[in-house]
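Labels for the chains are A, B, C and D, by order of writing; each one numbers its residues from 1.
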Amino acid sequence: METNLALLLLLSPFVGFLFNTFFGKKISKGIAGVIGTLTVLFSFLITICFFTQLIQSGKNFEISLFDWISVGNLQIDFGIVLDQLSLLWLLFVTGIGTLIHVYSISYMHEDENMAKFFAYLNLFIFFMITLVIGNNLLVMFIGWEGVGLCSYLLIGFWYKNQAYNDAAKKAFIMNRIGDLGFLIGIFILAAQFSTLNYSEIQLAIASGKVNTTALGIAALCLFIGATGKSAQMPLYTWLPDAMAGPTPVSALIHAATMVTAGIFMITRLNFLFDLTPEIQNVIAIVGVITAVLAASIGLLQNDIKKVLAYSTVSQLGLMFLALGMGAYTVAVFHVITHAFFKACLFLGSGSVIHALHGEQDMRNMGGLRKVMPVTFWTMLISTLAIAGIFPFAGFWSKDEILLAAFEHNKILWFLASVASIMTAFYMFRLMYLTFFREFRGTEEQRKHLHESPALITMPLVVLALLATIGGIINLPGSFWLNHYLEPVLATKHHAHSLGTQEFMLMGVALAGAIIGIVWAYAKYLKQGFVPKEDDAISGFNKIIYNKYYIDEVYTALVVSPINAISNFSRETIEPQLSKLIFSLGTAANAIGSQGRKLQNGNIGLYLFMFVLGICAIIIYLFIAQ
Amino acid sequence: MDVSILLLSLLIGAIVTYFSGDKLASKVALLFSLVSFMLSLNILYSYSNGNDVSLVREWISLPKISFALLADGFSLVMVLLTTILTPLIVFSSFGKSVENAKKFYALVLFMSFAMTGTFLAADGLLYYIFWELALIPIYFIALVWGNGDIEERKKDVLKFFIYTLAGSLFMLVAFAYLYTKAESFLLQDLYKLNLSFQEQTWIFLAFFLAYAIKIPIIPFHSWQANVYQKAPTIGTMLLSGIMLKMGLYSIIRWQLPIAPQAAKEYLPILVGLSIAGVIYGSILALRQKDLKRLLAYSSLAHVGLIAAGCYTLTIDGIHGAVHQMIAHGFVIVGLFFAAEIIYRRYNTYAIGELGGIRSQAPKFTSLFLIVVVASVGLPGTYNFVGEFTVLYSLSQINIWFVILGGLTIILGAYYMLKMFQNVMLGETNSNSFSEVTIYETITLVLIISFLLFFGLYPKPITDLVHPSLNEIFSTINSLK
Amino acid sequence: MNNILNQIGIENYIFLSVLLFCIGVFGVLYRRNAIIVLMSIEIMLNAVNLLFVAFSTYHQDAEGQIFVFFSMAVAAAEVAVGLAILVSIFRNLGSIDIDNLKNLKG
Amino acid sequence: MNTLLTISGLGVFCLIAEIFNLRKLLIPVAIIGLLAILGLTISEFNIPSSHYNNMIVVNRFSVSFSSLFIVLTIFLIALSGDFYKEHQSKLSDYVAIKIFLLAGAVAMVSFGNLAMFFIGIEVLSISLYILAASKRLEVNSNEAGMKYFLLGSFASGIILFGICLIYGATGYFNIDEIFQLSQGAGIPVWFPIGLTLIIIGMLFKIAAAPFHFWAPDVYEGAPSITTALMSTLAKVVAMATLYKLIQGMVPAIPTIFENIIVVISVLTMSVGNLMALRQNNVKRMLAFSGISHAGFMLMALLSLSSAAGTLLYYTTAYALAGIAAFAVIILVTKNKDNEDIINFNGLGKTNPLMAAILTASLLSMAGIPIFSGFFAKFSLFTNTIESGYLFVVIAGVINSIVSIGYYFKLIIAMYTKDAAETPSATPFVYYFTAVIAIILNIAIGVFPNTILNLLSA
């Protein structure tokens, strides 16, 4: 029964995918959307079933469906596990997934390929579930690559624009760089433990006798995998570009779910990372650098979705910071709250873009507060949440990260705080530029300004609600999430009591957020500053605006050389190699041509050669004897 | 019933096809290739029931040569690959008129016959004969039915023929030498030989030359792209889908067990060379302007990985290589078929002239994309199983091998997606592109379903090849 | 007969024959007139015949002399055919210089 | 013995037939007669005997090769009918000369005495001089005849000198006696020189480098059917005789001789193949190809004791392929001025069967499996490796690779170019000859045992 139910949970979105693929053209767009949504909703409901059951009984559900790959002594099953961690993830993946599906029904209504869109979304949910539900690393890898594929498909959904296709390709390839790391990590673990099953690996590690060096390398490789999928330094550049996709995609994949896969993986393998403090330090450092760097880029971006994208990168950096400090529950907590408010923000921005018929540049927005009240209010709530204002969800989770950082290392704490201040700044800059003062767009746009329909605003409201109260799952004092996740964590993360220091830090964090808000207020609302045109930007701002030229550096250091080598190989090495082979034939032919001259038809010469041959042989006979 | 009936059915098929006339030829060829497919299934069934389906008959008493066909799991899998792909390849040409069809299809079936023989032969000379026989039909197929400038094609195809023949003639010398040692060509007798290290080295090199050219491993690949490009697509499919597997199969079946010490001694060089092929092929594929050339180089990269798996001398590597061989056979046929579908409509392979097909042919786009994704080795497709296993075996040899070999994951995605983007996506092409026909759809769907099914459930193949590979592996590892 | 051989020694017969043979060979090599070449070949054959007779005596064996008859007959047949070819060449080309026969080459 | 007599009788009959105006019957009768003689010969297979004071020795070796010669002659005479259609009055002469030539050939492989050997080789050679020059109005044919004649009689002189020296050294013409004496010590230095000279003479006949210069010119100039004869029958005869000579006169070849053979073998095959690459005239190309095959056949001398069967097989394979190829070549170039490759353009479309046969015979010569040429080469290689001459085999392999270059030139021309003119009707006899020759070729390729083991034990 449970097996069937679990299979249903997994396959329901897949059925949706198949249906929309094969019959999507034949049915009306609305129905396609509804079916797509219902399949995900169904999964969500099953998840809730499992979840309540788990809460009551506290027992995991793990089953191996069939043998998949067997390599020598390594036997890999296709198995699934439903435990605290995977169910938690499933809850918000399918939950937010459902909301975003609902949103998409309206958002994508004008697109001719709507059925395909829902098919891809369903497929994504299916792979995401696979990723989460697998009981070993290789099943996770299926999902891992599968969501990458869906991300590719959805970023490039408007395939007629080659720039979007480039972005999609870039996302896929950057992810693949990480995937190679992931795979190598898997190989090392497989060689060490002869299994990829989480619990078996955990058992093996617990029993001791492990090669920490090898595990260290494995952990590092796995982390490289995570940097690809979760957009960390140095592989984060694909995420901002991925905003080429339709906005629901950005919300679902590139904010709430897929990009958190790296965090899921590290949390899953917490017992491994706990053994390798060096790698944890690396994770923390990478996380905090990413957080600061991305936040600083976000300060000056003008594309509304780009701002949110850098914000996502930055927030993910904070989560990795938490992971690096061993504070897995904190990271997970932030993942969940972030999913709420960031999804809401993206959907809100989508609503704005929808109203402006595709306009994404904030310089051409403004004053939308009155026209789009629901969008405005929900986004404002989410912005407060992400800025870390009490009592919204983001406050609690971010505060815990800062707290952990403070205990761990003051520098990390300082950098993380800087990132939060910047976050507050650019988020409010976004709000001010978008919703306040006068509308700066064209007259044509102004005429069509409107609040989005209910299908769009409904998910916004739900998400805003969650962003408001989401913090309760791990309020200081109750620490429900901490307790809930205890079974899957190897080392217990002790929940800190609320002392003076903690309150002081909370105050500092809150103050920092307010500083950011005020700074933004002063600059953009009070002075009415509107960012300059692209070519008017100069100085350090230009560097930031151009994202520190990191894409250009990558192009110069990696892409261009490879292309140059490729061209060189094609134009020089290959023809030369070919020529070399041909030259053997040419040489033989040349000898033949020369030989023809010797064969000149003269009997005298022939006789002479004849005699010469005889003489040579006779002389040889005498010499040799 | 033994396996010789398979050979017989294909040979008779070739003859009957020739005499059936141009109109019926393709159907007759399909019929016979399907019959051979059924027969091979039947043989597989009887093999898995524990019956002995091998055949050993005296053929020539002096020098002692037997008509020996060995049917174990490994060879049966390769035979199945041949007998599945042959009808598929024949079928893929339906709906397209072929000049001089009876000759063409007769040659296709004859080639299939020779390749089946190569996979089955358990006598060195018989094996060699089949090996060479497979070369003749593909030569004519590429020469007569190929595309592009005839003068260029003549040169390239002749180069291919001479090059591959050159390699295999050295293999023949090695066999002759082995015969003087063993007084027999039978596989098991050759396995038992006690060769000195030096002898093994020379024999290994002679075999290597033959296989490295056939597969091809760099730097012996210079025939490949030209021939793939210029041969008719059916020929390219046969070449890349099945024929190059002959080389890989032979590495496992002949080269490694006969000269294991040499293989062990030169392992780093061999694996290194294979992996260099992976990287070099991938890099070359990045900037190709011709679709078929691009696919040719992608194939170069993929088979490099398979060869690397074989030469790791680990059981995992060999297993992975076998999986990957089969997967690659299907995927490359699918890719070349997609290229052919485009060619039928636009009459060009130039990537620069393509693009914007997706909006006109969504069904084709989806099918093509799945094949592309499979060739990139996405988990869930059969290619992943092989790629994963091979890379795993590389990681056991040296971590650097897996890092370098693993670049295929990145570069492969890069050039394949780039190709897909340039060929299929973008603004709608001004030339109209009609959606895939029913024949084309069936072909692609069959390929895809195979790849997906075994991607999720490779166990049947694993179970089939496992015992025979283990046996070969123990021969490699037994002290010599 | 026997005495003469004893007095002169078989080696000298051989030298003489070889000398004659070489004269024939040089004739073949240096002369361009087909008839003279033919004659030079005859000198070669006759040098051998001489040696046959000498050996025949040396071994006290008649076979060698019989062989000479064979070879003379064969030489005659050869010359007949050769002259026939020569005649037809002369008809076609009006010359019997072998240097003119250079149509076939390469 | 009976073979020789009956062949001579048949030859005489052919001459007489002209007198009685039986031209129409001539070729059928000759063929039937030869078939009867073939049967007669084969019946002697297991009855070794010697005749006329060991002048003629009949054993398996001689019977097998004689049978091969007879078969080849049958093919060639079958082709003659159409070839000499415009020279009906001379038909009987040509046929008779071929049959006499066959008599010479049989004498050469069944000699027991050097006198018989010499007579045989001269009968063969003189017949060939006549045939080569037989188009008396054509300068090329004259030139071919003259060249062959001059060089051939020069070689005859050398052979005669060699025989003389052997006679001087041993006192015998009988090879059994010579064989006995050659083992003993104190044999004069003339003996090896004499042997060398005979071998050189025979190397000339098989056109081994550097005595090969005549071959391409003569092949090109001679009438096509004579070229066919020279490249198949004459070469095979000379090779078999050379083998028999060496095997009959010395128990084992001294190393020095082996070195010479190795050098000449490698040189011959390389020269033949390299020179063939740039030829445009098909007959000339096949002449060089024949030279290279001579080089291969010489490898058989390196494993003297065991290679008789292999040599028989190789020669059979080569000659059958040659007959098939020449049948096509004669047909295609029948009404053409020359034999350039251009004439073969588009044959694959205009006459697919003939094109297929030519392709098959070329593949056989190139040594591609299932055609007997492959097995011939392979078995030769195996023998040579067993005798320890691996590097000669490698040279052979490299040469095989080179040879593909020119064999395929012809194949490519047949299948890729378009024909210049429409095909004319093909006389049945060409199909007949070519098909049977190629079927025999493939048959012995598939069942090599039939021939390969004839001479062993």
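Keep in mind that, in the parts below, contacts are C-beta pairs under 8 Å (C-beta built on N, C-alpha and C of every residue); 3 or more make two chains touch, one makes a residue touch a chain.
Not measured: the values here are computed from a predicted model.
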item: Identifier of the chain whose CA centre is least distant from the whole-structure CA centre; value: B
item: More contacts between chains, C-D or A-C; value: C-D
item: CA centroid of chain A to CA centroid of chain C, Å; value: 98
item: Whole-Å separation of chain centres (CA-atom averages), chain B against chain C; value: 66
item: Chain C and chain D: spacing of chain centres that average the CA atoms, whole Å; value: 27
item: Mean-CA-position distance for chain B and chain A (Å); value: 37
item: Sites on chain A at which at least two other chains make contact; value: 585, 596, 599, 601, 603, 607
item: Of all residues in chain D, the ones touching two or more other chains; value: 146-147, 150, 154, 216-217, 405
item: Multi-partner residues of chain C (at least 2 other chains); value: 28, 98, 101, 103-106
item: Inter-chain touch pairs (all); value: A-B, A-C, A-D, B-D, C-D
item: List of chain A residues in touch with chain C within their complex; value: 596, 599-604, 607-608, 611
item: Touching residues (chain side chain A, partner chain B) in the complex; value: 21, 66-72, 74, 78, 116, 138, 141-142, 144-146, 149, 152, 156, 159-160, 162, 165-166, 169, 172-173, 176-177, 179-180, 183-184, 187-188, 190-191, 217, 562-563, 565-567, 569-570, 574, 577-578, 580-582, 585
item: Residues of chain D touching chain B in the complex; value: 348, 363, 368-370, 374, 378-379, 381-382, 385-386, 390, 393-394, 397, 400-401, 404-405, 408, 412, 415-416, 447-449, 452-453, 456
item: Footprint of chain D on chain B - complex, ascending; value: 59-63, 125, 128-130, 132-133, 135-136, 140, 143-144, 150, 154, 158, 161-162, 165-166, 169-170, 172-173, 176-177, 179-180
item: Footprint of chain C on chain D - complex, ascending; value: 115, 118-119, 122, 125-126, 129-130, 133, 136-140, 142-147, 149-150, 153-154, 156-157, 160-161, 163-165, 167-168, 171-173, 190, 216-218, 220-221, 279, 284
